[in-house]
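Order of writing sets the labels: A, B, C and D. Residues in every chain begin at 1.
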Amino acid sequence: DKPFVLIAGPCQLESRAHALEMSHALVEITRKLGLGLIYKSSFDKANRTSVSTARGLGLEKSLPILAEVRETHGIPVLTDIHSPEQCAMVAEAVDILQIPAFLCRQTDLLLAAGATGRAINVKKGQFLAPWDMKNVAAKIASTGNENILLCERGASFGYNTLVSDMRSLPIMAETGYPVVFDATHSVQQPGGLGGSSGGQREFVPVLARAAVAIGVAAVFMETHQDPDKAPSDGPNMVPLSMMPEVLGDLVEFDRLAKGRPVGRTMAAR
Amino acid sequence: DKPFVLIAGPCQLESRAHALEMSHALVEITRKLGLGLIYKSSFDKANRTSVSTARGLGLEKSLPILAEVRETHGIPVLTDIHSPEQCAMVAEAVDILQIPAFLCRQTDLLLAAGATGRAINVKKGQFLAPWDMKNVAAKIASTGNENILLCERGASFGYNTLVSDMRSLPIMAETGYPVVFDATHSVQQPGGLGGSSGGQREFVPVLARAAVAIGVAAVFMETHQDPDKAPSDGPNMVPLSMMPEVLGDLVEFDRLAKGRPVGRTMAAR
Amino acid sequence: DKPFVLIAGPCQLESRAHALEMSHALVEITRKLGLGLIYKSSFDKANRTSVSTARGLGLEKSLPILAEVRETHGIPVLTDIHSPEQCAMVAEAVDILQIPAFLCRQTDLLLAAGATGRAINVKKGQFLAPWDMKNVAAKIASTGNENILLCERGASFGYNTLVSDMRSLPIMAETGYPVVFDATHSVQQPGGLGGSSGGQREFVPVLARAAVAIGVAAVFMETHQDPDKAPSDGPNMVPLSMMPEVLGDLVEFDRLAKGRPVGRTMAAR
Amino acid sequence: DKPFVLIAGPCQLESRAHALEMSHALVEITRKLGLGLIYKSSFDKANRTSVSTARGLGLEKSLPILAEVRETHGIPVLTDIHSPEQCAMVAEAVDILQIPAFLCRQTDLLLAAGATGRAINVKKGQFLAPWDMKNVAAKIASTGNENILLCERGASFGYNTLVSDMRSLPIMAETGYPVVFDATHSVQQPGGLGGSSGGQREFVPVLARAAVAIGVAAVFMETHQDPDKAPSDGPNMVPLSMMPEVLGDLVEFDRLAKGRPVGRTMAAR
C-alpha cells in the first residue's frame, strides 16, 4: 500500500567523507522521487571470500560516522552485525540491525539482535527455503520484538551461482512481516572470481523490477560512485549516476503494484 | 514496444464443443483488454508422468477442430508437436508449432518444424541454460525460417521443483527473437504427486507479473473453466473466471514496461 | 551378486573399421578381467548442442556394422533410438535399445521400444527425480516387456552442470530392475563449451568407483583411442589405453560390494 | 594410505553418563575394527531450525565431560564452536575444533580457531563450491596453523534437500589437507519437518561407502543408542547397534581404496 522504501548505500563504509557524500547524494535522489531512504553501510565484511581482502573500518570508527549520517540527514541507518556482543552497541548508533544470510539460523545472534528492540532485517540464507523463514522470525519474535523484515537475496543454484525465486516474496509475506528484496546480492556470483565474488550488475534493475511488480515493502540496492574501484561487491553495485533512472522506473512499477496487490486475483494458497 | 500477446487455452483439446466454447470466451476476454490472442491446445500429451493417464484426442480428430477455432474467430492457433513426421501435417492446420521443453534439443524435430515455414515456439528445456537457447534457435534458423519464439518455462531446482530465473528473459532476448513467458508450466511440480505432476496455481499471476514487468513479447497461460476436473495440468491452470482480472493486471504492467524497457537503464551485458 | 557388466564403446559409430577395432580391444580387456561386455555406439547424435556438428553414420550404414560386431565377437550390442519408428528395425540388429535421457518421458518411444521385446536401457532424465523412474519403467512394462534397465547419468545442478546423486542408485533399485551407472555422461557439462558440451574426464573413475561400491548391475563408460579427436563427448571419454587400469580397480570394488550389499546393514527405507 | 579415522558420537552432549557410555561403546567398536576414533559431541546446537528445541548442556557443563571422555579413553575429542570467544576455552578441553558449515566463511571465527593451534575441521558450507574451500583453508593457515581438515557435508539442491557431490572429495584433496566425509549431515533434509530438520538415515551407509571407496582421511558419523529419542539429528543418526556392521563394511572398502588411490588411474586435472 505504501511506496517501497529504499535501503541503499555503498557496501562498505569507506570513510566519513565518503559516507556523508554518498548519503547526501542518495537523500537528494530519493527526495525527488518521493521515496523513503534507509542508509546502509557495513563496518566489517566479516565473511569475505579471501582473508587478504579489505574488511572495512571496524566498529569503533564506523558507528560515529553512521550516527552522523543519521543526524545530518534525519534518516534511519542500517548496518549488519556478526556476533551477539555487537548488537547492543550497534543498536545505539543505528535504527535497523541486519542479520547476514549465512548467519540467519544463529539463534544467539537473532536473540541478541531482537533484544535491542531495534528493527531487524534478516537476510534469507542461500540454503534456506522461503517457508522456513517463519522459524527464523519466530526466534526474533520470542524476544518480544516484532519489528522484523525478511529479505530475499537469492538461493544456491549449483555452484557459484544464485537464483532469485520470486515465489519467495509472497511466501515470506504470509508471515505478516514486511518483505525486502535485495537486488544487489541476488546477482552475486559467490566465489565466482576465484579469490572474490563476481556479480552481474546488469541484472539488478531486471530483478528489482520483477520484485517491485510483485510487491515489496523495501528494495535493497547497493550503490557506489565508482563500483569498479569499490573495496567489495563492485561487480554487483549500481553506479550512483544510474540510480535516478533505475529508481525512477521502480517507483512507477511500485505505484502500479501497490494499487493492484498480486494476491487479490487468485485464491489464497 | 507492442502489447504482449496472450497464448492461452486449455492444456488438452478435450472436444470440439469445449474448444469452441473456451476459444470464444478467450476471444471475448482479450478483445475487451485489447490483447492479441493465440489459442493453444494439445492434441496429444506425449510425455505424461504415468502411462495410464489421458493423452488427448489425437492428431486426426484435433486438427480439424483447431482449424475450425482459427476460422471461426480469425485468430492464430498453436499446438505442440512431438515428431518430425507430424510437422508438415500440423502446419496446415495451425499457425505456430510448439517444441516441448524435453524435446528442445532434438535436431530432426527442430529442422522439420522449421522447414514448414510456420512460426516456432520453442520451450527452453528444464535442463538448459538460457544462453544455450541460441544454439537451439540456430538449428531452426538453419532451415531459413527465422520466425522463432523462445519460451521460458522454469529450470530444474532439486527434485520435483522448478524455479523461474527471470534473468533468462533478457538473456534470451539478446538473440533478437521474441521471448515468451510460460506462467503455467513454470509453477509445475514435475512428478510431484507421484503418478502425476503437481502445481502451484496461486503463483501464476505472481510470476507472470514479474515477467511482464521485465518485458516479454507473449505470455503463455493455460486456463480451464474447471481446472480441478481438467485431464492434465489442472493444478497449475488458471480458472477461466479469473482470467479477466489476472490479465487486466498484466495489461497495466505491460503498458508500463513497454514504455520503459529494462535494458535502457543500465550498460548492456 | 553377479559382477557388473561393462557397457562400453566410442560415443559415436565412426566407421566399420573403427567399430571392429574398438570392440576387439574391449573384448580383450574385459575377457582378461572376467567382465561381461555390451558394446555401445550411437548411429545418430540426435540432440547435439549445435546443428553444425557431426551426427554420425546414420541408421542404414550403422546397423550392419553393429550386427557384425555382435556376430564377430558373440557379444550383445546396444544403441540409442530417437523415434518410435526406429525401434523395430534397430531391434533386429541390436540386443539392447537405449532411451536417451531427454526422451525418457516420451510415451510412444517407450511403448515402441518395449514392444520389440528387446532389453531397454532407460537413461534417467536430468530433470527427473530417481523415484519417478518407476513411472517410466511402468510405461515400458505395460507392453509386457519387463527386461528393463534404469540408468543414472546425472541431475541438473544449476546451469551447465550435472551432479551425481548416489542415493538414486538404491532408490531406483527398489523397482527391482537392474541399475546402471553412466560414468561418462555424469561428468558432462552440458553446453559448457558454448557450441558443444564440456566434460570432466578425470572424474569418471571417481564416480564409477563410488557407484560400484554402492552396487550396480552395469557400468556405462564411453571410451576412445584418442578422445580429444572424437567427434562427440571427447572431453568425457576415457582413453582406451587407460581402460584396463580403471576397470581393474572397479572389478575389485565390485567384488567387495557384491559380497556386502549396502542395504544389508540398515533398515530398508 | 592410512585407514580412515572415525569421527563419531551423539550429535548433542546429553549428560556425563551418556557421554561416557557412548564413548565407551565406540571405543570398543573401533578397537575391534582397528580404527582410530575421535569422539564428537556438541555442547550447543546454536543454529537449530526452531527456537523452542533443546540446545544442549552448554559450554561450562560440557567441557569437563569432554575432557573426561578424552582422559578416560585416551582418545581425541572434537566439538564445534560458534564464536571467536569460545575458541581458546574450548581448545583447552578438546583436540579438534569444528567450524559449522553455515559459519565456514566467518573470518574471525576461522582466525580465532586457527590461533589456538588445535586441529580445525571445517565443514564446507551448503552454499559453497568445493574449489572455494581453498580460500577457507587459507584463512586458517594465515594464523600459521596448517592442521586443517576439510569436510564435505552436502550442497544445497533445491529447497529442504542436500546432494552429496562426490567430486568434491578429490577437489578438496588437491589442497593437500585431509578430507572428511560427513555421512550424517549429508542426508539431512534441512527444515524438512517444518519446525525441525528431517533426514534419511538409510542413506548413511550408502554415501559413506561411496566416499570411502573414493578415498577419505576420516568419516564423520553421528550415532545414538536410540536415535528416534535423541534431542537433535535423530532422523539421520545411525543406531549404535548397527555401527559395527556399517563400519565393518567401510573398513573393507577403505583398505581397498587406500591400496588403489583413485587419482592413480587417470591424468591429473
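Throughout what follows, contacts are C-beta pairs under 8 Å (C-beta built on N, C-alpha and C of every residue); 3 or more make two chains touch, one makes a residue touch a chain.
Predicted model only: the values in this text are computed from it and were never measured.
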>> Treat touching chains as neighbours: how many steps, at the fewest, connect chain A to chain C?
In response: 1
> Using C-alpha centroids, which chain lies at the maximum separation from chain A?
Replying inline: C
> Is the contact between chain A and chain D built from the same residue numbers on each copy (over half shared) or from different ones (under half shared)?
Replying inline: same
> Which whole number of Å gives the spacing of the CA centres of chain C and chain D?
Replying inline: 35
>> On a C-alpha centroid basis, what's the spacing between chain B and chain C, in Å?
In response: 33
>> If I count partner chains per residue in chain D, which residues reach a count of at least 2?
In response: 155, 157, 159, 163
>> Which stretch or stretches of chain A touch chain B in the complex?
In response: 155, 157, 163-167, 169-170, 187, 200-207, 209-214, 238, 242, 245-246, 249, 252-253, 256-257, 260, 262, 264-269
> What part of chain B is in contact with chain D in the complex they form?
Replying inline: 157-159, 161, 163
>> Residue numbers of chain D touching chain A in their complex, please.
In response: 46-51, 55, 82-85, 102-103, 105-108, 110-111, 125-132, 135, 138-139, 142, 155-156, 159-160, 190-191, 195
